[in-house]
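Here chain A shows up in two complexes: once beside chain B, once beside chain C.
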Partner chain A sequence: MKEIKHRKTGFVAVALPVLLGLYLMLFGLTSRGECAEKAASFLCLADYTGPVAAISVPLVKGETDYFKEVNARGGINGIKINFINIDTRYNVARAVSAYRRYRKGHKVLVADFHSTPFGKALGRDTKRDKIFGLYPGDGEVQGKDLPGFNWGTTYQDSFAACLDWIIKDWKEKGTGGRPKVGYLSWDSAYGRESLRGGKEYADTLPLTLLKPEFFPVGSLDHTVYLQRLAKNGANYIFIGGVDPTPTNIMKDAYRMRITKNIQFINNSFWGPTKSVGVRMHPEKVNNVVRASFFIVGEEAEKHPAHKLWLKHRPNEPISDLTGAYYIGVALAKDFEAGLKVALKNVSYEDLDGEVLADAYKQLTGSPHREGLTGACAFSPTNHRGSMEVKFYRIENGKINRISDWVKVPDAVSMHKWD
Partner chain B sequence: MKKMISTFVVITVALFLPLLVGCATSKISPAKTSLDFPGILKTPVEISGSGFKPNETVVVDLVLPAGVEIPGVEKGENVGLAFATADEKGDFSTKVDASAKLNFLFRVKWTPMMKPDFKTLNPIPPGTYNIKVTGMESGKSKTVPWEILPAPKKK
Partner chain C sequence: MWRPCGVFDETYSSDMSIVRTKFHWICLIVSLLFVMIFPLFDNYYLLSLFNKMAIMTIVAMGLQILSGMCGQISFGQAAFMSVGAYTSCILTNIGLSFWIVMPIAGIVSGLIGLLGGTSALRVKGFYLAIATLALHFVIIWLTMHLEITGSTEGLHMDPPTFFGILIDTEPQKFYVIISVLALMTYGARNLVRTRVGRVFVAIRDNDLAAQVMGINLFYYKLLAFFIACFYAGIGGSLWVLWLNLAHPDQFGLMDNVYYLGMIIIGGLGSIPGVFFGVVFIVLLDEILMLVAPPLSTLFPSLGMEVSANLSLSIFGIAIVLFLIYEPRGLYRTWNVIKNSLRVYPFTY
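On to the complex of A and B.
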């Protein structure tokens, strides 16, 4: 009898844990980054390698440094921030797979997508998972009222602001007639985004938008596209892509000797940057005008937030601080400010991405970004982080500010979103 | 003892019922792929399957065996090769793109000008790998073998 009892106990002792373990393993209920203390997770899917690394690497540094500061101060109402950053290596499948793996981590509230296609691939899943997405400049977030927010100004709104700048510049030059405007960017969702609403805005202005030119990501020679735009009489040419792409375009334009007669302009934020184009080819990128929703160049180095860089990156020269670092800081500040608002309304236990998204919508005009970007524009009807850009001109190896914050037109609303 | 065993069976069936109902299937084509470069970039590697939840995101992962490391991927983590959205019947089909082949089969490094540096190709060891296909919503998954062959010797 005793033996039977022992056998029964042994069976239970062995079989049930095995069964439970198998179940947890198969259904993914094992702990993934579970935190013993109260924490809220910020999932960042960023390309540390590949064509957009020049944005992602400094941006992640900004997020990392600011979250370290917050945690060193004891977190937000005692809640620490768990920053999960994944190298997606310029691959959407990798981002989708990593999202699947990490989304059920400890209170994941936000998924920061560093690439336009990531958000497009995962938008529906984030909504279901009550995690909201952060997107670079994709106007679709606003146009389709997706559950997420843009980092700052959208590409098309910035494009429209640049068109206004062109009209003003053209008038000041007193040339007369209508300026002809070319557009040259990556053959990708990002490359085309500026025109979804931007083209409609252009149609309302006294200018001629030439047929846009697109080239494969990674192209090193842009001669044929520039030749076509120059032949068609372009007075202004938008140059897209992430640095070094805009720099490579300018190298070709410089070689073709068309930089004297054509004003090159970048509406989509990502270059030529101080650490790449301006440093390596100052004479070739000279006179390029950049619109930016975040401060760049000399202004960025002088902003008080540069102390964060000095504190956390003693071995990295301040000259390596690019504006993208401040986007990271601004996004981390958004998370902090949003959590503070959310925790006034709900307990830690009830905190989820939907609650935090509602809190973000209450940050309209909040000063928490401290001038690193234009005024915070999140609201119940606005997904955009900012509705302002500054204009900069690259001159003699420096990126000099040539305007204060300028309100951008709402080009997103001019596009018909399917 | 009999009662104990029958209780165990009932619990087992209840816990694993989701796996027994509507099993997912998947396949990879070609089932044997050579690490021939650059030929592999032009060779379509297609993964298809059925039995997933209609319209859900389906993730295709390469299961990394112990000792095989890929830059940027933590040990024990699988690496995404492709993804798809299942159709209204729960079927899907997708292809491994060139970026995934370069990054994860050839472990390429990138130049300072952010282009893949073909001088740094470091193919994963040939052998039989597993491809795990998982439905994002349903959690249904299916694992299929994928044989990676060495590059043919150059004549």
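On to the complex of A and C.
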């Protein structure tokens, strides 16, 4: 009898949470309530616990804080913003599931994909549901004219801007000949994206692009790849991946004592960051140059928008504010500005992602991003959030700006998109 | 084994039947009605969730045959699934019908799986697990680097047609996936009762003893790998039907761990246990994913990272507690409860 009782208790212990969860899923209590008031939703499929968490976490913080501000002001024309953020763990099946959970009944207008494959897997869904996607830096969005927008500049455009910087730097150094440029990044769609158009752009410049090196996401040792690039005479090496990856590469390069002879440069925005590489290993990441479409380092801490951080995050030191936080703020500002434009043309009832996408296209040159990123470049023919980057150099544990906004070349259009 | 008191097999056919009692028949009819009516409710999310669970059940069922029944631990099921997925994309893109391609995808996956099977003759246990893990990385590396598999971009597959009807909506996919699941379950359930199934169990319990009895270990281990990978291939094919896309990021190392977790939690060696394991793991994961955002809203001091990590922690703790208190799986718990309720209020 005891055995049976024990089993029954076990069954109840398992069944109750499952039933509760099912109830929550079926009746939508987990969706923060179906508000009686007018609301428009911004769905964010982020990654808090996977390989791109270093971007997702601060970025979502920025979006959260800014949307809180907007809602506190009464919303946009009385419409509150429902910010739904889900941890997908960089897993496509989870992202698909989350998207399909929220696509209807919440007036979702935008899906912010923190991973390229999410957008690919959900392309048909978003098109049918009239929801448009936001993508990190994949030039494919522009190249294939997909229904969506990039957060800022594309990886390939930024890569091209870095190549221009290399040529300039090489000339300033007064060294003769052509500089040899290496490329080292994740073996993934993201890692290869910079070269789709970037390689074509490199071919037009007086430099030699060495055979690119790729390593699996999560690799901790990069010695072999660095050794090969150094052996081939690289003067500059691009380092990709999301922090801690660029920091780990620099640790290896420092150990190999090649940081003195080779200039390391990052075109794809995500490191070494202030909160990881610069703080933990300042001497190893010293002298790395970063191109960024959003402000970082000391400049980010001094921007007036940092008050948003101070207001909403009293327990988190300002030194934890990384540039990705401002991407979140900028994307939230885009949503606000776009919604304002859209509501001039249609009523709340007629509002959908297509209408909002059209509104985004009218934001060309709009100052709403307030210098957090380069000038807003959305237009009927441009899916890119910005066409400008700034250059920074890591020096003695600080990320110092070394250029003003620089217009990036259009490398995307140089690639032959299938 | 878990037959109700008073239910006997009086004929050969009743001994061989899968659906034995009136209650079984009622359950079957209710299930069929549910399957037919469910898509009419037009709950896109739940349909999508069911489709995902059904595909995972097929893949996990293959692993159950290999690991649960035959005792060969494999960490390559997700990679074999990817073989099926890519095969389907490649062959349908050159013009073959998806309905012909699906079994071919299973066979191709099964043949690739034989590579894993060959190592099973020399190594077993953890060593075999590592060998299949290596195979996982090789297959995924190839999908990321071969042009035919679309490199890191992956491959798209257009929705197939069935007698002129485009299978593009979630309910349509649901009918296809559920039908294939039913077929695969029938096959797996029968396999357990055949000579092959009994040989698998003999190999699992003691492969040396099985060999002494005259069982050809090499052949049967290879067969187990082939069947498991065939199931994974069919699962992969259905996966691209569901998502219209095969991408290397969809078949990660963690998926292998999840599939193993599913069969352990459901009950090793039991086909119905696979359903319990998949439902438990997928629903727990889904619930935690959906509960985390409101949790961080209700308790802002937690912050979203904490609530997201909390969901992972709860998931881990639930599995650990489960293994401590019910190591023989949910299917056994189900049977114990069923039997105790059947004889209620008597103990036995």
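General observations
Everything below uses one rule, namely that the second predicted complex is superposed on the first by the 384 of 418 C-alpha atoms of A that agree within 3 Å, B and C clash if a C-alpha of one lies under 4 Å from a C-alpha of the other, contacts with A are read in each partner's own complex, and residues count from 1 in each chain.
Note that in this section a contact is a pair of C-beta atoms (placed from the backbone, for glycine too) under 8 Å apart; a residue touches a chain by one contact, two chains touch by 3 or more.
From a predicted model like this one, the values you see are computed outputs, not experimental measurements.
When both complexes are overlaid on chain A, the residue A:97 reaches chain B and chain C alike.
Of the two partner chains, chain C is the only one touched by A:187; chain B is not. In the overlay built on the shared chain, the residue A:64 is in contact with chain C alone; chain B does not reach it. Touch criterion met: A:54 reaches chain B, while chain C stays clear of it. Once chain A of one complex is fitted onto chain A of the other, the partner contacts of A:87 extend to both chain B and chain C.
Judged by the number of chain A residues each one touches, C leads among chain B and chain C. Shared-chain residue A:121: touches chain B and chain C both. Touching of chain A by both chain B and chain C, each in its own complex, is seen for residues 4, 7-8, 11, 26, 48-49, 53, 86-94, 96-98, 100-101, 121, 124.
Against chain A, the residues of chain B that register as touching in their complex are 1, 4, 8, 11-12, 15-16, 18-19, 57, 59-61, 71-73, 77-83, 96-97, 99-100, 103-104, 109-110, 113-116, 134, 136-137, 139.
Looking at the complex, you find that chain A touches chain B at residues 4, 7-8, 11-12, 15, 19, 23, 26-28, 48-54, 86-98, 100-101, 121-122, 124-125, 128, 218, 220, 242, 244, 248. Within the complex formed with chain A, the chain C residues making contact are 43-46, 48-49, 52, 144, 151-154, 243-245, 247-250, 252, 254, 280, 283-287, 289-294, 297, 304-305, 308-309, 311-312, 325-326, 330, 333, 336-337, 340, 347.
Of all residues in chain A, only 1, 3-4, 7-8, 10-11, 14, 17-18, 21-22, 24-26, 29-32, 48-49, 53, 57, 60-61, 64, 84-94, 96-98, 100-101, 103-104, 115, 117, 120-121, 124, 187-189, 191-192 touch chain C in the complex they form.
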